[in-house]
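Shown below is the structure under consideration.
Labels run A, B, C, D and E following the written order; every chain starts at residue 1.
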């Protein structure tokens, strides 16, 4: 109700060129950058501070018990999911609800696959080896960062599921509004994937 | 607008889960005032222990049970809890929600002519997130071991090994941070997108500018604290050692269960990266309100309006690179210290500019000594003292002696207590007519002001002497030290000041509640002000403005030569 | 000796008072008693004076205090050990015994805990009092019991603090303000335990007929165990030896 | 006299009263120290006495700063109060629309900035550099390890050999070996622990600060020394005591329930007494069983 | 910045990652002689090229959409 009253909810502002939602999501992403930025800084701080040898030395290669193959697979999955996400938006832009929805479903499936691999094959494997976040600072930051990232993914899946299901009602009322929302979701999704693209090398490769 | 076809919403939709920025603003205001009062009660209790260490607290001493105050004598652990919670409640649950949540929410959309905030539902969510955070914080008093007791700064390893209250504190903080983040997104979008036609950025009232910069600070500074909070939660719940080095021996027990490898300094960096901008979050909106009130009551445009805006932007930017001046004593290298000391000196300049601009605005004005104006005027010298005493703390060499002493307490309280809180009172007296359509009683207001002003100085002025004498902060009983015992009489003065200040709020509380129902009815624009909020009816209806206003001029067109009245509101087309 | 007689009498008196009389059954008057003998280098375990200069308020109530890690009763023959907790370790099966209503007490006096060893039964309450005109911080370092960590900044703060104990192997309690100050708390499921005093003897009484493993625990020397069989209201003597 | 003038004058009086309030009590002295300690030096409302060679630098800086602050505040305050009185609203008085053109404020701001730059570059940085950059030569200095724990300061002297014994967490015993000294290390043989900080006068001191548990802050008010003690880090501070006497060591960082009672004493004495003390403190006295027990 | 612009940025970062990962995998193969690494490395480099091609195609397809 009040959404219709408020200016620039759907149409872009003539000066900024953005509708409110897009502006809002970008600001939100800016704060997310700071959140993950702080965690990346923590990673750097701890790694630089770690001694060369001894029990608190930074693990490398095999010592990390991380599988670069699984990590690489997950990276591929997330890149693909971003592509499907943007395709969904393009389809909605081209007024194609059915196709767009299909792409959204594909995105959600890929995201769930990512989380499944993360939990089933990576976390569980570590727990079987007796590795917990408390094992060392490396695993502490590994579990914290990937865990927080996985929560973001799950949050994204919930939002996408909403737009596949009940949220799609909006399509019939206001197509542009719906497409805008998909765009915002897409921006968030891209951000989350981008975080992974930074996480993957620093945790698995370096 | 939508007025003709919408039906009356239910009571809950209208007053509890409302999406109207005005209702949310009032919700914020009422909740935050309650918390402000609670935070003040905590310190009044602590002041008893400080003034009369180990003596039975009269009357209320026996209400707190064996774990906190056996026989009415405060225990050190309870004292520490009170200290930590006083800081947390005052900053995160009192002042920021009042300045940003209440005044920002209520006044800002009105000042820019918007019908509501850009995301009304998000606005509601941020209030309830704040409310939840507050409930968690309050509940933490009742968990075993009491509320968080590692100071509001929660330095690990102390906070890592602290009682359960600390975990609750962290959860509460996460809720509050979420609330602030959602709020700041909403504010920025609203200010940038929803300004009415003609209201360019440089026609915005200074208060709106202050809110904008504040929102940016909240948006960018809070997430690192959220990250730090998550890390500390991991330390406490999952047994990680982000902030714990190896080889700790706590109470004679070697901590073999932790892996070590972390650093206590890491927390300090993350924490102060937030907490220094937070200082400006506490002061900028207050400056904004004071600037508004000064301009209205001097009947004169604000002097150096643009310079003030540029200073504010600069201040906001600089506040991100001064954080380590809180850490001069952590053994940083001299080069890093020099860098942060330099940025600290630089950041003092925009503050000087803003303060100068405000005081020069008085020159050649026609000052009306209304109640809000008195509070706003009192803000200026109080903020000046607060700012000046920051100087010896910003220089590493003099900080050696003053760091973590009462001098620091005096310094930042002068900024936030007689400073910000006075600005808040000014704001309440100033916008009360807009919110209720009635004014607060003047006589009671003058009484409230005079006594508040006297007693608040009696509280904080002695702290500078105490700090010089070398009395550390957060001491349960300073008389164990010779240098502390020598200045114990100052503590007593300070404590009596605090209790008297408590009494001095009674006229305000009476005034507030009586005036809501029985205050003098006033017109929509009782102060003869120019900004848009005064063109709306009092109280403004849902949707705020009957017709969307259009703005033709800057915010402070007072005493324009040749005009018939001494003010021209922003939305008036031509002079009559 | 006189002292040991008094101790014995006192122990007997306490036992008779504290144990709620259960319906008469065989073994009510069973007693296992004995000495805790120390065999080792006396010179190695000299008691030392504790420097309390950190807190002048500790000095006021007493002149000097000595370390309590190892206290050997030099006047007994053979040498015996003080502050050893003797208890039935196994053999009682699933029997449940009534819990003493009497409150245990520990007082901080002269910056030492009096007594140094507190033995009690699960469910019994312990009252902690401050007899010094200074600040004490009581820090429990248990595994089963709650980890208490609280202060008593003033002398005789009303009634002190009461804590309900749970069964646990002896654990340390220390004062975080006075690092030399510590004591131990041992809590058992049953009432058959004793702490050796100046005569180095112990007495466990009133257990049902049966064969038991008894255990002696010392804070520095660890544990020793012994087997004892008892029936028909007899007195069994079982000395145990620590050989550090 | 109209109402606004009364209010204006009242405000000025209130300001003055408030500024004066704390000074009313200046000059009073409280009773003896409650804790029963005897501490040298005259403590009052100013800074504590200075007993170190370089402490006066810090004091001077603080004094200069406060005079500067006072001058600024008074000048600013005079202008402020003048404005309040001169430009109050009254019949026949109207505000001026045009902004004040005077450049005074600009010059004042530049002046303040310049003076701040001088304070920073001219005063603070040299003092900071002098106190923090170069430690005194090791051979000439008394070397002490300061180990903080909840809630106790431990002082570890290397003894005659001048080297500290190895320490490790595994050896820690709260009563006998608070620092976890490895007794098997030959360097540890003559090491001395104390809970009082004794130092010879007129000789530089290097204190290596470490903590066993949480963050503490090593504060010697009379030496103008303050340094956070951070677990996992070893931070040196140095100073030169020049005045004999018994002083206090305070903890300046919240470290737990009994933060306030984390206090130790520091004795500055001549070389001979210091040597005697060092001899005495290491000795363990036997506790006589018959002494009150 | 619209999703289009952000997607382009994302594609750039993805291709850089693919490139880096490709080289890392080939280096890994040379250090550990793990054949899988070589295959993945080459695949990754090919993926990098494909991402660039995809990016160009994407830009062409969305010619009409604003970057804002």
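Criterion: a residue touches a chain if its C-beta (ideal position, glycine included) is under 8 Å from a C-beta of that chain, and two chains touch if they have at least 3 such contacts.
Here the structure is a predicted model, which is why all the values come from computation and not from measurement.
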Separation of subunit D from subunit A in steps, with touching chains one step apart: 2
Assembly fragments, subunit B aside and the remaining chains unmoved: A, E | C, D
Highest C-beta pair count, chain pair: B-D
Longest centre-to-centre distance from subunit C, chain (CA-based): E
Where subunit A and subunit C are represented by their mean Cα positions, the distance between them in whole Å: 60
Centre-to-centre distance between subunit C and subunit B (centres being mean Cα positions), rounded to whole Å: 55
Computed distance of Cα centres, subunit E from subunit B, in Å: 48
Centroid distance [mean C-alpha coordinates] between subunit B and subunit A, Å: 34
Multi-partner residues of subunit B (at least 2 other chains): 75-77, 246, 251-252, 260, 263, 476-477
Contacts with two or more other chains, residues of subunit C listed in rising order: 135, 149-151, 174, 176, 179
Per-residue overlap in subunit E, given as positions that touch at least 2 other chains: none
In contact (per the touch rule at the top): chain pairs: A-B, A-E, B-C, B-D, C-D
Subunit E residues within the subunit A interface of the complex: 1-4, 6-7, 9-10, 13-14, 17, 20-21, 24-25, 28, 36, 40, 44, 47, 51, 54, 58, 61-62, 65-66, 68
Complex interface listing, subunit B residues touching subunit D: 53, 75-77, 80, 149-151, 155-158, 161, 244-252, 254, 260, 263-265, 298-301, 303-304, 329-331, 334, 337-338, 341-342, 345, 348-349, 352-353, 356, 359-360, 362-369, 374, 377-378, 380-381, 384-385, 388-389, 391-392, 395-398, 400-405, 446, 450, 453-454, 457-458, 461-462, 464-465, 468-470, 472-483, 485-490, 493, 558-561, 566
Subunit D - residues contacting subunit B, complex: 3-4, 7-8, 10-11, 14-15, 17-19, 21-22, 25, 28-30, 33-35, 37, 39, 41, 43-48, 57-59, 61-62, 65-66, 68-69, 72-73, 76-77, 79-80, 83-84, 87-90, 93-97, 99-100, 105, 108-109, 112-113, 116-117, 119-120, 123-125, 127-129, 131-133, 149-150, 168-170, 172-174, 180, 212-215, 217, 219, 221, 224-228, 230-233, 235, 248, 250-261, 263
Sites on subunit D touched by subunit C in the complex: 35-37, 149-152, 174-176, 178, 195-196, 256-258, 261, 264, 284-287, 289, 291-293
Subunit A to subunit B touching residues, read off their complex: 1-8, 13, 16, 18, 20, 23-24, 27-28, 30-39, 41-42, 45-46, 49-50, 55-56, 132-137, 139-141, 143-144, 148
